[in-house]
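Shared chain: chain A. Partners: chain B in the first complex, chain C in the second.
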Partner chain A sequence: MSEYLLQMTGIDKSFGGVHALDHVNFAIKPGKVMCLAGENGCGKSTLVKIISGVYTRDSGEVMFEGRAIEKITPADATRMGIQVIYQDLSIFPNLTVMENLAINSEITANRKIVNRKRWEQTAREALSKIGYEIDLHKKMGELSVADKQLVAICRALLFNAKLIIMDEPTTALTKKEVDALFKTVRQLRDSGIAIMFISHKTEEIFEISDDVCIMRNGKNVFLGETATLTKKDFTYYMTGREIEDDYFVPTNISKEPVLKVEHLTWRDKFHDVSFELRKGEILGITGLLGSGRTELALSLFGLGKVHSGTITLNGRPVKISSPIEAQRLRIGYVPEDRLTEGLCLRQPIADNIMLSSLKQLTRALGMIRHQELFEKSNEWVKTFSIATDDAHKHASTLSGGNQQKIVLSKWLNNDLDVLILNGPTVGVDIGAKQDIHALVHDLANKGLAVIIISDDLAEVVVNCNRVIVMKDGGIVGEMTGDRITEENILDIIR
Partner chain B sequence: MNKAALKRMTRRTEFYMFIVLILLCVLVQIKSGGKLIAFPGIFTRLNVTVLRTMVVNGMFAMCSLVVMISGGFDLSFPAIAALSYSLTCTICLNNGWCQNSPVVGFLLAAAIGWVLGMLNGWIISNFKLNTMIVTLGTQTLFTGISMGLLALKEITSTLPNGFKTFGKLYILEGVDGKIRFTLSAMVIFLILLCAIVSFILNKTMFGRALYAIGGNEVSAERAGYNVKKVKFLLYSSVGALSGFVGMIRVCMESQSIPKAMVGREMTIIPAVILGGASIFGGEGTVFGTVVAVAIISLVSNSMLLLGIDTYWQQFFNGLVILVGVTVSALQAKRQKQ
Partner chain C sequence: MKSKTFEKHSYTFMLLGLMAVVLLFFTALKGGMMWKGDVWLGIAMQFPEYGVVTLGLMFCFICGKMDMSFMALGNFATIMAVMYMGAHADSPAGGVILVGIAIALGIAVVGGLINGLLVAYLDIPPVMATISMQLVWTGLSVALTNGNTVKGLPSLYTDIGHTYLLGFLPVPLLIFLVIFAVAWWLLQHTVYGEKLYMVGTNIKAAEFSAINTRRMVIGTYILCDVICCIGCLIMISTMASAKADYGTSYVMRCILILVLAGVLPDGGMGRIDNVLIAIVTIQIIATGVNMFPNLNTYYASLIWGALLLVVLVMSTRMSSGGFLRLRAKKAAKA
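Let's look at the complex of A and B:
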């Protein structure tokens, strides 16, 4: 028997004319954590779908436990012990924890009648696999994302899983929850289960994986032990280009603060927050989920509440009661979730870019000058090298990084004093991330005051000349220049 | 019952609706001078009327409930019922069927409803379209078939005797002053149906599939449910049931009027929502639905007794829609947080 649990060689898969997988080799040993890394659209998910039987490969060989496997259907995959935990966890928020745990095996066993006792037994058995305890009768929708994930893992273990594939499991988790998840992953690994971990977060991959498989443009460019890789190699393999961390060097900081916040309080969200922001600065605000960082941003953009405290803009005290008011005061906000809060996905790219500056483009009676709208938005497409051939196409046709560029250009169209970026590169590839960072640096040095709110510490460290750390709704630390390191920030947060 | 279970219960819409129903009963009982519930004997002219109103509404509500749990909206069940019973009565009349026993009529109506429901199911499961739009289309189509294509007529005095006598069956009779009242035997069908639906929803994998699909359709598919098949089965069964319920109504009213069902969905669906079914799917119980139907039937039947103009009925129905939808949306919001 071979040392590998699953071995795939020369896997090919095409969709229409697109070569999604081009002679991909992949192998995973039992009792190891294997990371599958790569930027969006590199073929990661296609490979996963071939393993789980959703797609059929065009050619190539698959060996599972030393036996050649001809064709895999989803049912075969389950029988062989392959379990996929999708990003959305495939749970039923309206059902109880017990039902969520037991329903899959009940369906697989082709049962017709519900037997509560048996369901409960199955659920308890599932939980006992990782020694996890939770109220079985709680509704799934009431659990935290981390708990939901553990339930999903328990459910996967019911099927005598030998290989568990986790699709970007850390996306919605806080640092603490990620640590807890990794503990579980190691526990599973030590019990002999192979784990395939899909991610594009460099730090996580180095923390958790034994082996790594990096894919780019449908080919695997690296397959081997993680320990043999440096972070620089890794980035090179991911993007195909050398990327140096480009630290932000402020060159153009004004004397007078453009924004001054004093003793700002939104009850139960944050309290007594004071800071100053000068033109040409990039101020980082970081903290764990629930530290009040996002709420602070919302209050500065007129979407949150202010119970006490003052905001001074260019020396004048202001009251920001709505986003319209904030825009009038030349404050821009790029929200955390660009898909639902920052973009009209099913509207043309051009319309999205010009959305917050339509007033400049209207004739009498509020009619829009379409010709001009397209000309102006095309300029932005060029400036930001947004990857599209036609600004008439919907925003949904773009990748995450390019979408973020649209959201940025939407604001830059208006003359801004302050730009607040909340999680500017969440779900964005390393390459596009780099572009966005460079862009923000450039803007700051041209005299814009920027606030970056992020829990991606590496991002904060590279891009900010000053960082404020928040915890439980208050500011617990501030650092500038060389004092900004991941260790220093973590010391305060923890 | 432990504390956690009690807490869970108080979070449910059904629980509050039940309290509302009890309070309403007390109010009507006092205001009407004890006309709602008799001691001893329980049954009065008022409450047998309320029960009678509940039969058809309650059974239709079951049709609507199962669809809403699966995350869909069925606007076409009254149209299916209308076409099924109008066609059935016309066929029976022309052939001289059902003069003694109504069984053939019921089977025929259910079969027609089944075929019509299959059309819904086929479109919805194959093309994955919005159920409200599909059933709005089929509703209009079915009404068009019955009024235009087949030009089905009202059947009143000539209705086959089997139906008439069946509808007049009662399980209990009493006297209020000089007026005799009876409790219709059709109530048995309501109770039976509630029991069956409750069993299917809670005790069968098909029932759990409806909740699962309503909760997260993609997950249900991944978990191994054949979502297409479940949906087809659901809509075709609801069609058959609608035809059956339509026949019950014909028997109870001793007449078959093709237009009688128009707009009925707009009173049934709000009742189901009021009873705790979520407009987003995945939530809803038989108990809650029955309670909500009882509230609506009680109010509409006691308005005259309480000295309220019946024009207020419309006002009340509107209120029910708004309250029901708001509660449902608020609950979904709370669950998200």
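Let's look at the complex of A and C:
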């Protein structure tokens, strides 16, 4: 029997004409944490789906516990001990923790009658496997993402999982929750379970993994021990290019503040928030989920409430009652959730870019200037090198980074004084992230006032000349220049 | 290049193909009877009234909303109009007719406004809000008329429904064509049309892009109900009366046509040219079914229901490629 739990060699998979996986090799040992890393669209999820039996490979060999595996279905994979915890967690939000934990084994055992005692027993057994405690009778939908994840892990363990695959589990977690998750992962690893951890966050991968498999464009470019890699190598393998951190150096800060916020309060969301913002500055606002950072941004964009306090813009007190008013006051907002708040995915790229500037395209009788719509949006496609050959194609055809460029150009096509970016690079791969950062630096130095709201501390440190830290709805710290480091921010947040 | 054009219009070609199949089917069963001039004049006479209604509902669908109240509202509006016209039978017909039409359209505006306010400001799910309004309007109509037909239309008005302009062009068809042209213009050439597709695709993203989405929803409901009311005004002309439950089967028929045309109620989808093809196809089916006098009329309902199911199943399986919006030619070149 080989030392590997799962060994895959020369895996090929094509969809139509697209070669999604090109002779990929992959192997994982029991009792190890293996990270599968790569930018969006590199073939990570295809590989996972082949392992879990959702897709069938075109060619290549798969060995599981030393036996060659031919075709498998998802049910086979579960029986063999392969469990996938997807990003959406596949839970029933309207059922309780207990019911979620017990339902699968009840169904597998083909039981028809509900026995609450047995259900509770199954659920307790599941939780005890990782020594995790939670109210069994809470509705799943009321739990935080982190708790849902732990419940999902417990459920996986009920199936005597030998290999647990976690698909970007840390995306929606705070730092503290990530630490807790990693503790559990290590615990599982020490009990002999193999963990496959999918991520594109460099820090996390170095913290948690024993081995790493890096993929790029459907090929694996690195497979080996994490310890043998430097972060620089890692970035190079991920992107295929050398990337240096490019710190923001403000060169053009105005004397007078363009935006002044005083004692702003939205009851139960944030309170007594005051700050100033000058032209040419990039101000970072950071804090954990629920610290009030997003709500503050919404209030500045007319989608939140203001119970007390004042907002002064260019020296004049203003009331921002709607996004339409915000736009008139030359404030733009790039929302947190690109897919639901930023884009009309089933509409052309061009129309998305011009969505907030339709006034410019109006002529007599409310008619639209189609020609101009395409010319203008094509200019933005060129300026931002948005990866498309035709702006008529739907926004959904683009990757996360390119989609974010659409949302950015939508606002930059307006004449702005203040641009608020909420999580500007969430789900964006390293290459596009650099592009967006460079662009924002450039805009600031041309006189735009920028606010970046982010919980990606590395992003805040590199891109902001001033940082405000929020906690429980209030400002708990402010730092400038060299004082901005991840350690200093973490000291305040925790 | 040619294949690209084909791909772009593939769904339109499919609809035309369906129309041809339907024609062949009835020709095979009934032979030359399908191709008599009368039959086609009948088709041209019959489809405009619900064709117009369908065009109204189309705006609602593209906006991602639903309206179940339009026929009940249209019936109430036309009952009020007929009552007014009947009460002023001794005044000059022209003026009375104009005032009557104004009353009906005014009520439609109010009805659309209420729908819009319920959906946009009170956040009531569109189906629930408009079903409630359907009951309200039907209730009002029945209370006013005891469920009886209301007569008393000036003969000048009832003639509209039966007049052929230049001997071959039915006036209802002409009205349909005018409304079709206006709807086409609104969708393809105005900022309103542009916003409508975007709001229908993702209303939240539109709101975050500084578009007044509430005004869009309310305006669209008003537009929808006014156009539907015009359809009802044609209907009372051919019926020479108004009634609380005229055309209630049109609600499902309009939905069937729109889904068949690829204007799905999810919003942001669909082309008006496909809607025209679907309207005509459905009328051909209706006319064809009527050629079998032995067929119990209750079977017709069965046929429509089955057809709606088939179309729904088909449309959920089709790739979204067929349901793209139509682009102005000029823009496509850019």
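Definition applied: the second predicted complex is superposed on the first by the 485 of 494 C-alpha atoms of A that agree within 3 Å, B and C clash if a C-alpha of one lies under 4 Å from a C-alpha of the other, contacts with A are read in each partner's own complex, and residues count from 1 in each chain.
By definition in this document, a contact is a pair of C-beta atoms (placed from the backbone, for glycine too) under 8 Å apart; a residue touches a chain by one contact, two chains touch by 3 or more.
What you are looking at is a predicted structure, and each value in this text was computed from that prediction instead of being measured.
J.: Quick one: chain B and chain C on chain A, clash or fit?
T.: On the shared chain A, the partners clash.
J.: Going by the contact rule set out at the top, does A:V33 touch chain B (first), chain C (second), both, or neither?
T.: neither
J.: If you stack the two complexes on chain A, which partner ends up touching A:K139: first (chain B), second (chain C), both, or neither?
T.: first
J.: Can A:P93 be said to touch chain B (first), chain C (second), both, or neither?
T.: The first partner, chain B, only.
J.: Tell me which partner A:V460 touches in the superposition: chain B (first), chain C (second), both or neither.
T.: In the superposed model, A:V460 contacts neither chain B nor chain C.
J.: Which touches a greater number of chain A residues, chain B or chain C?
T.: In the superposed model, C touches more residues of chain A.
J.: Quick check for you: in the superposed arrangement, does A:H370 touch first (chain B), second (chain C), both or neither?
T.: second
J.: For A:D351, decide between first (touching chain B), second (touching chain C), both and neither.
T.: It touches chain C, and chain B stays clear.
J.: Applying the document's definition of touch, where does A:K112 land relative to chain B and chain C: first, second, both, or neither?
T.: A:K112: touches chain B, not chain C.
J.: Please work out whether A:A156 is in contact with chain B alone, chain C alone, both, or neither, and reply first, second, both or neither.
T.: neither
J.: With chain A superposed, which of the segments 2-10, 200-208 or 290-298 in chain C collides sterically with chain B?
T.: 290-298
J.: Touching chain B and also chain C: which chain A residues?
T.: Common interface on chain A, chain B vs chain C: nothing in common.
J.: Would you tell me which residues of chain B are touching chain A in their complex?
T.: 4-5, 8, 202-208, 211-212, 214-216, 218-220, 222-225, 278, 281-283, 335-336
J.: Applying the document's contact rule, which stretches of chain C touch chain A when the two form their complex?
T.: 189-195, 197-198, 201-202, 204-212, 268-269, 320, 327-328, 330-332, 334
J.: Tell me, which parts of chain A touch chain C in their complex?
T.: Where chain A meets chain C, its residues are 303, 322-324, 326-327, 333, 335, 340-347, 351-352, 355-356, 358, 361-362, 365-368, 370-371, 373-375, 378, 392, 410.
J.: Help me check something: in the complex, which residues belonging to chain A touch chain B?
T.: 86, 88, 90-95, 99, 103-104, 106-108, 111-114, 135, 137, 139, 141-142
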